[in-house]
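Heads up, the next two complexes both have chain A, just with different partners, chain B and then chain C.
Showing the complex of A and B:
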């Protein structure tokens, strides 16, 4: 198991290098003068030259690449043109907000999805089941940003239950992690974006859980459990649900990639100061080091989450040996 | 149909060149099963009807839309019809600069369908070709191709598309390219696993022994057997592409010259009126949901054709 995790970690490191190279090339080979978007072309020629040299943009592509890779290994993503401070610091500020929102939504979605899916399989053919399926399908087909807009319209503007945007009430400046995240004001701001993201995540675990439960419920050992006279609830959650979980975990792993995409949109709609919103703003402002850095961190996040899902899978299914 | 079958069989006996026959039979029964399914599966029927409706609106959008997407509308006393709620003249109301939302939504249908089908076509084509090659040759070729697939799985979709849209010029073709560049991986993986099992079958071995070339085996003998699966994946890819286009346009990286549902919502959100003008926010989103749900229902019915285990009800 340990060697497996080690091997996967090595592959992830290799992948990060590949993804970084790709993103480097993408930004450097774009049509037109790539330096124009990095250094303002309207400033005096000498000042511009000085800036180009400061950012190392006058070197050949290969030299730039080797410098870029060396810096990457030292976790140095350069400094943001817009914030004029190291990219890594900006990312460090933004990452917790993204992770908290994502995990809250995922826990919400998986808890409801797994129990809901199991229950739907149990009540197969009932009215409630078709309501559940339709509900899940609608939220899977609805664009997250639109659901976000509707949620804001209903809960923030009409009902005034929760704030519509940001992470804290305007004017508040927190510095430490505790000050920013551990209080009621933050939780109030978390509700709507987490709800939106959760509704989007919900359909996948719920529908897959239902399908795999249907398959499991027709197995002999479920009949055996019934024959033993076990209470329904125990058969459902102890015997069937446990074995039906596996495909849900696998699908969850593959789902993470698109989940991060949905996350970007939700952060934009709710002005949530996370990494997703930052990458959109960085690209709009042509702040390429920041866009690069955020992109590399987001891909790393996808890969690490995939690894975690695989490890969980191995724990759930004792037949899997690495 | 049976008589036609035997007559064709006789002819093939005379002319051994007509080997495409097997594939044709496959797809024929495929569609007849699909049609038979429609009779029992009401949701699929609803999906097909909705989809036909959307395609109709998309094809004739220019003549159906009562106004141009950028026309400004004025009241009798030369005032701009700013943020008017739905009325007979403007069924979905007007925007903050007096544009007709109903026409914009109708014109957006074409963009959504075009991106959806073109991207899906490109993705399924590339994905199936790579999947077939990978599954058929196996060994080194398979390993290398699947590592490339793994690489593309590690890239977060929306952030990549944002970066690509920023680097390239914002146009509808670049959106299609960006979507296709990252989505073929799914199709390739699914097709490959199917091909792996098909290429072990005796008739493929027989074809090899008979001296058929690689290309002939892959595209004449294997391809017809994965066509139903590929069609199913294509339906899912249409959904995926439509959603992706809407997301990119919503973020403001879409084609500025083309009216699309995502773009309507982008302007709605950026202008800040998404909190007031519900008639501006609801229609484009609802259109996306309805189109995607209808394609999903059709795909689900296709799934039942592909996988006989699902054909219970």
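Showing the complex of A and C:
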């Protein structure tokens, strides 16, 4: 087991180097250089040259690459062109808002999805099952921005139960994590975006759970459990669901890995100050350091979470050994 | 029998085809001698429809109109940064494009739209004259207005320069947008919508009055603030706040006259020497006095930064001297008429005691800006809001207690918060759909909102590379000016919120003082006339209907 984890970690490190190089190249082959969005065209062209030199963009691609790689090894992602602040600081600013939103949505989706999926497999062929599937698929296929707008229209504008925009009431005071996030005002702002995101994510765990439950339910040991006269609920959740959970765990782990990217459309509709919007903006205005940093962290998380999912497998299913 | 008939039909068909081909070939030989070279195939780089639908549509229209005249033009939607790369690039490899100049307040001075974008000295790669317009007669006028310190004489020169541009048509202005913005009229009054600036101009926060006990207005923005360091701030949105936290020697009043502000007045000693007297007893927000040394330091710091937002405004300054206790003398390298209207109105006064201690001003975070302006910085949460409070010791009385600049991700979000009265005013131009929705006021849900409209001095246009045929031909450019449907752009694409364009129009009617009412000369959509103009100029059409250059 330990050697397996070690080997995988080594592969991940190699992959990160490869991915980073690809990201580096991709941004530089993207048309338009960063000064185009940084400099107002009405300022003298010497200014543009001065900017290129400030950011080392006048150097050859190879020189830029070696500097980038050297810094990366020291976990230095550089400074954002626009914020003139270290990339990690900018990301740290926005990350909590994104993660809290994504995890709330995930807990909502996976709690309902896992139990709902298991229950739907149990009640296969019933009307309730088709209602459940249709419900999940509708929110999976409806554009999230549209669902978001409808949710705002209903709960914020018509009923006025929850605020429509942002994550705190305008003019709030607070600088620390506790002051910003741990209070009722924040929770009230969290409800609508989390609901919208949660409804969107719901179908994945629910349908995966249902499918894998259907497979498990046809196994001999389930029949055995029935034959032993165990109550239905115990067979369903204790014997069957535990084994059916494996694919859901993978999906969940990958979800966490990509959660840092957030749901850009939801962040836009609710003016949620998350990292997703920041990444999109960094790409569109060619803020190389910020965009590179975000994508490298994003891909690293996906790979690490993949590894964690594989390890959890071994615990959930004793038949799997590495 | 059937087969035989088929053979006959085939034979006749082949013979007919051959003879027409032969005839066409002969005609071709005969006619090419009477024609000039073909008008080359053209590409117009347009905006992507999602970034500017009007520009996108207008270039499609132009390509279609030129097609009817026998010119093959392709409209190619292009990302904005790529477009800038191409038109400012070394290769100067392009035919035509659509783009615009935004109507920022400092562009009310005619220097930008007359000199910077039309003078031949800016026609080399990287210069702002991306049409590569070169006319010595015009250059002489552009130079003269720059050094004419008498405003009325300068206006005459600027008017003449506009007339030449309207005749030469280096670009075809397609439309200008209007600044349509809204605020809560039940809560605040005395807000003025300023051309090119909108409601959240530098005066509104200083003069607006609360009508209720809500004394801190919430201003909605759809763009984030990125940088509060005055040496690194590069967006209008950053500056709309920084100019209220930092003070300036001169400010442009709502009717755009330069008004002494942190200065008590200025004296033009001669064309290249300007003395400015600093107002007494001003203090920075941290209690330190504002002195002439701070002013000198600020201007010199900007002169040392080659890539700052204000680089072109401080470029004419040779040196800054202090005379006596409260006079700052600016020695210019050359006479520069916009000095008072743009340079003095833009450069912020920074506290020397803070900035001189910073090793590299460009790397300084400036997390808590200290200025001497009417509003004090309180806090900024990236992507959420900037909070300010009114500076109690300011020399000009301010009636609100501060303002909150709230950042939204979409105009739809702002609209719902306008309805819920979370927001008191917007700081950007409403999209026409939202303007119409507010005006329709269905169910009375927008009754508390006041729509205001100010014409914009900025403009959007079709640029033509005059180093290349056919755009090197003046008649062809004039013909293009007749192929643009100005009314379609304004009435259909902009829902009427804006103003019409025209050939060579750079200073529009919104800029009342500087606009020459006799321009534009060519501003009607008339394809038949375009055909006539081309024909009169010696353009011809060959047998295939393709347009050919004059011989």
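One rule holds for everything that comes next: the second predicted complex is superposed on the first by the 285 of 322 C-alpha atoms of A that agree within 3 Å, B and C clash if a C-alpha of one lies under 4 Å from a C-alpha of the other, contacts with A are read in each partner's own complex, and residues count from 1 in each chain.
Note that a residue touches a chain if its C-beta (ideal position, glycine included) is under 8 Å from a C-beta of that chain, and two chains touch if they have at least 3 such contacts.
These numbers come from a predicted model, not from an experiment.
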**Prompt:** Now for A:107: first (chain B), second (chain C), both, or neither, which partner does it touch?
**Reply:** neither
**Asked** Touching A:18 in the superposition: chain B (first), chain C (second), both, neither?
**Response** first
**Message:** On the A-aligned overlay, A:1 touches which partner chain: chain B = first, chain C = second, or both, or neither?
**Reply:** neither
**Message:** In the overlaid three-chain picture, which partner chain does A:128 touch, first (chain B) or second (chain C), both, or neither?
**Reply:** neither
**Message:** Looking at A:302 after the superposition, I want to know if it touches chain B, chain C, both of them or none. Which is it: first, second, both, neither?
**Reply:** first
**Request:** May I ask you to decide whether A:141 touches chain B, chain C, both, or neither, giving the answer as first, second, both or neither?
**Result:** first
**Prompt:** Touching A:85, do we find chain B (first), chain C (second), both, or neither?
**Reply:** second
**Message:** Tell me the contact category for A:260 with respect to chain B and chain C: first, second, both or neither.
**Reply:** first
**Request:** Classify the contacts of A:224 with the two partner chains as first (chain B alone), second (chain C alone), both, or neither.
**Result:** neither
**Complete:** Both chain B and chain C touch chain A at residues 31, 149, 152-153, 156-157, 164, 268-269, 286
**Message:** Could you list, by residue number, the parts of chain A that touch chain C in their complex?
**Reply:** 31-33, 36-48, 50-51, 54, 82-85, 90, 93-94, 149, 152-153, 156-157, 160, 163-168, 170-171, 173, 175, 267-274, 277-278, 281, 285-286
**Asked** What does chain A use to touch chain B in their complex?
**Response** 15, 18-19, 23, 26-27, 30-31, 137-138, 140-143, 145-147, 149-150, 152-153, 156-157, 164, 254, 257-258, 260-262, 264-265, 268-269, 276, 279-280, 283-284, 286, 291, 294-295, 298-299, 301-303, 306
**Message:** Please output the residues of chain C touching chain A within their complex, sorted ascending.
**Reply:** 79-82, 84-85, 88, 101, 112, 116, 126-128, 216, 218, 224, 226-227, 229, 232, 234, 306-309, 311-312, 315, 362-363, 365, 379, 381-385, 387, 404, 406-410, 412-414, 416-417, 419-420, 422
**Asked** Along chain B, where are the residues that touch chain A in the complex?
**Response** 150-151, 153-160, 162-164, 166-169, 239, 243, 246-247, 250-253, 262, 265, 268-269, 274-276, 278, 281-282, 284-285, 288-289, 292-293, 296
